[in-house]
Amino acid sequence: MTADERRPLRSAISHSTPDCITVRGLDLAADLMGKVDLGEMAFLELTGRLPGEGESVVFNAMLVALVEHGITPSTLAARLTYLGAPEALQGAVAAGLLGLGSVFVGTIEDSAHMLQDALTGVSAGAELEPIASGIVRDYGERRRHIPGLGHPIHRAGDPRTERLFALAGEHEVAGRHVALMHLVAVASTQQSGRQLPINVTGAIGALASDLDLPWSICRGLGIMARAVGLVAHLSEEMHHPIAAEVWRRADAEASEADPDAT
Amino acid sequence: MTADERRPLRSAISHSTPDCITVRGLDLAADLMGKVDLGEMAFLELTGRLPGEGESVVFNAMLVALVEHGITPSTLAARLTYLGAPEALQGAVAAGLLGLGSVFVGTIEDSAHMLQDALTGVSAGAELEPIASGIVRDYGERRRHIPGLGHPIHRAGDPRTERLFALAGEHEVAGRHVALMHLVAVASTQQSGRQLPINVTGAIGALASDLDLPWSICRGLGIMARAVGLVAHLSEEMHHPIAAEVWRRADAEASEADPDAT
Amino acid sequence: MTADERRPLRSAISHSTPDCITVRGLDLAADLMGKVDLGEMAFLELTGRLPGEGESVVFNAMLVALVEHGITPSTLAARLTYLGAPEALQGAVAAGLLGLGSVFVGTIEDSAHMLQDALTGVSAGAELEPIASGIVRDYGERRRHIPGLGHPIHRAGDPRTERLFALAGEHEVAGRHVALMHLVAVASTQQSGRQLPINVTGAIGALASDLDLPWSICRGLGIMARAVGLVAHLSEEMHHPIAAEVWRRADAEASEADPDAT
Amino acid sequence: MTADERRPLRSAISHSTPDCITVRGLDLAADLMGKVDLGEMAFLELTGRLPGEGESVVFNAMLVALVEHGITPSTLAARLTYLGAPEALQGAVAAGLLGLGSVFVGTIEDSAHMLQDALTGVSAGAELEPIASGIVRDYGERRRHIPGLGHPIHRAGDPRTERLFALAGEHEVAGRHVALMHLVAVASTQQSGRQLPINVTGAIGALASDLDLPWSICRGLGIMARAVGLVAHLSEEMHHPIAAEVWRRADAEASEADPDAT
């Protein structure tokens, strides 16, 4: 290998000198700390620019909506992991994050993907109804569930969705992707006869798209928000543990000798 | 096992009904989304109450300070993981978080632990200088490094520390733990002859203590903040990858046949 | 919720009493320890029965083939993680495993999936050439790479593949899936004009299929084998570290201020 | 930075050429595959040499003993993770491994550490009883539990321990560390009045020490063995799932609104 064959390593996010840390071209201590909140910092990290006022409200609300959903497979996995490895809080949080895959928060990515693919190359004034109908028909033919629609608990409507769309309207952040998501929900009801409201991941996938975030990173919004919630669950687990009891009960029931054996 | 032997499972953080998600007693959609930022939501999750205005500025600044520090072992591990498993963004973030242990962000926990232990049961008006001297002497006798002091890059002073303490002063958030951390730094210089400034993890450990966060959860502040930064690094890796080249170079150099062999 | 609504929890793998641990119906201490090796134990865990003599040789060889491949993204991620969290060896191994996704060992799963789907419902005496041609045509039309063929380093032939197929022949373990994999390689060369030999993951995917392992678990063979290799790399890292130097070089090059800036 | 400041990157475990993969100086395809089992391969990876016949039996038995212990916090965490991210088997295994910390398999490391520290610099013919008494006294004074003694289920004696020591005796593998572990158990009973038998992690810590494995890597034996068991549990979860039911029950009980609230 010669030096010429080397491909250079470059990262444009941040660099440090002994007396300054620069993030996306801004001085971390002077320009950011004390001036931007954690949601705005996340926006800067992902997009390279600080959000406008309305964008900040909506983007923070998107993340706030995803922080917490009580006892989930993810928070249980984190608590069970802490039980065996209390020396490594980072491991318990990581275990919790590992369950944020295609079934749960991955649908943010899937709905953003669906919407961004559908609008790529589509002119600004194009009618969206036929596009929505085409999406619903296509998913139906492939017998696949449309991402971002329906919720096992919040069946009549996800309270987070309504709030997000209200905020986005108020702050003029919603654009064509949100409009298309609404039309997909309408077309889905028309074609299937079942009313499946837009859930929080569908709303966030649409809003993230209107904020120009590429679909491939949208799962990351759920990951960063849930990291906050997981730390809180581990804090509770330290003082009011449930993992040992969950384990004891599951083991007692699942691992007992076959009751039909003689 | 009888039903009586069961210990109840309880979590006080959040519960959901079909039309409402409650977090720490507040309605997520109505009371939090659009009204609190992600840092305030983290404060609520951890402490059970919303921060005051000054607390919000300082707590957000603490988290913002921890989001990003460029190319680190953690961001490299995340990028290398993404190279092999692009289908699972959550796995790459988790891999990055797993390096946030005792050597790097764990010092937030260690400095908070040191300060909280030293002030437990100490009356409000007690003099702090003797306590600080005692801490420094104790670490010296055990030949251990005092957590929260010194930084390999920011040797003359960590720019984040000064900014955090300035904000904490301005917003009247700093208390006895911050005062003690300053005195520990002074006593360390006096006893060792070397000037080791308070680094960002020492400052955050002290401030978190003055905000009544138990030391055992303080590592979690670094974990939640770095989750944000890791998602941004993975977003950059998708479009301007460096992991494959880091691997290629390391493998070419480290795995070549022994050059002295014949 | 009433008791009637509960779905029972059952696991048939193992149960314990105070004086006996049973695994797949066998007494761990009396029947397995000292009598079976780790590869045979893995076979028992996955299939519910102990392997025959030839199956043991071949299955152990499949796992042995996957343990080690030097400095990889996976071993680098593990070493970088250990640098920050030496208190948690499990975290460093986990970080290394997280890169064993769709790009690297996931191709074991993909090739097994391809072969098992192709032979489902196909009668024992059916000709395999047309099936192989159909597979190659189908992948070509979808412009997708055929899993299990080709290797970036072992271009002329993967030495592990030849050895695995020789052992399988000698011990009469190879069946229709291995035969089909060979025919797929031939058909691929005929249709594309390029010779892409079967790589180690293709060979293992085919052999695992002939051993009746479902494709959905085949990625697990690589995961369990690499866990062994990762522990060895971390043992070396403890005494002859490279992670800090890999980091230092990457950071120095990637994070420097833009050289073109003035 | 100049080239001179660079520290070389070296790894002695494995290197590859297009037609050969070398592991610890042996040809993977020609010398290892088909000739050594997975446990012997692990021994080679860790120590740099192949085990003798007796060492192979005992080392395989040590690993076989650790593969499986039914429904544990670790297997539950893996199953819960799979529920949310079935696209990434590696993530579910990693989540399971993350719980193998100080509380469970970490005691292999702790007991090996205790024994190796106690015998460092001690001449071959030295009496071990006083050393054992000293260990027990020291742990008693520090009010710490002696690692490797006692088990919550196998109270009268761990069946795996007896079997391991019998095999080690038969194959003449046991040495001074095993002898010291026995004496520590005796001294502990004498000093405390309670009989705490050596558990499987104490036995393995002692045997690993007699096999010259450094204590710092001993946790890794549990990690590599449990990786095998975790893949089997995930295979069962795919066909006979329990994670969703464990979650449903825990959530229903833990997250319900406070029953005492009005």
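Order as written gives the chain letters A, B, C and D; numbering starts at 1 within each chain.
Note that contacts are C-beta pairs under 8 Å (C-beta built on N, C-alpha and C of every residue); 3 or more make two chains touch, one makes a residue touch a chain.
Note that the structure is predicted; figures quoted are calculated from it, not measured.
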| item | value |
| --- | --- |
| Comparison of A-D and A-C by number of C-beta pairs in contact, larger one | A-D |
| Taking each chain's C-alpha mean as its centre, the one farthest from chain D | A |
| Separation of mean Cα positions, chain B and chain A [Å, integer] | 22 |
| Centre distance in Å when chain A and chain D are each reduced to the mean of their C-alpha atoms | 36 |
| Euclidean distance of C-alpha centroids - chain A vs chain C, Å | 30 |
| Shared-contact residues (touching 2 or more other chains) in chain A | 9-11, 14-16, 70-71, 85, 87-88, 90-91, 94-95, 98-101, 242, 246, 250, 254-255 |
| In the complex with chain D, residue positions of chain C that touch it | 1, 6-7, 9-16, 18-21, 23, 28-30, 32-34, 36-42, 45-46, 56-58, 60-61, 63-65, 67-71, 88-91, 93-95, 97-101, 105, 109, 153-157, 159-160, 162-164, 166-167, 214, 216-217, 219-221, 223-225, 227-229, 231-236, 238, 240, 242, 245-246, 249, 252 |
| Touch list for chain B against partner chain C, complex | 70-74, 76-77, 80-88, 91-92, 94-95, 98-104, 106, 242-244, 246-247, 250-251, 254-255 |
| Residues of chain A that touch chain C when the two form their complex | 8-11, 14-17, 22, 85, 87-88, 90-91, 94, 98, 250, 253-258 |
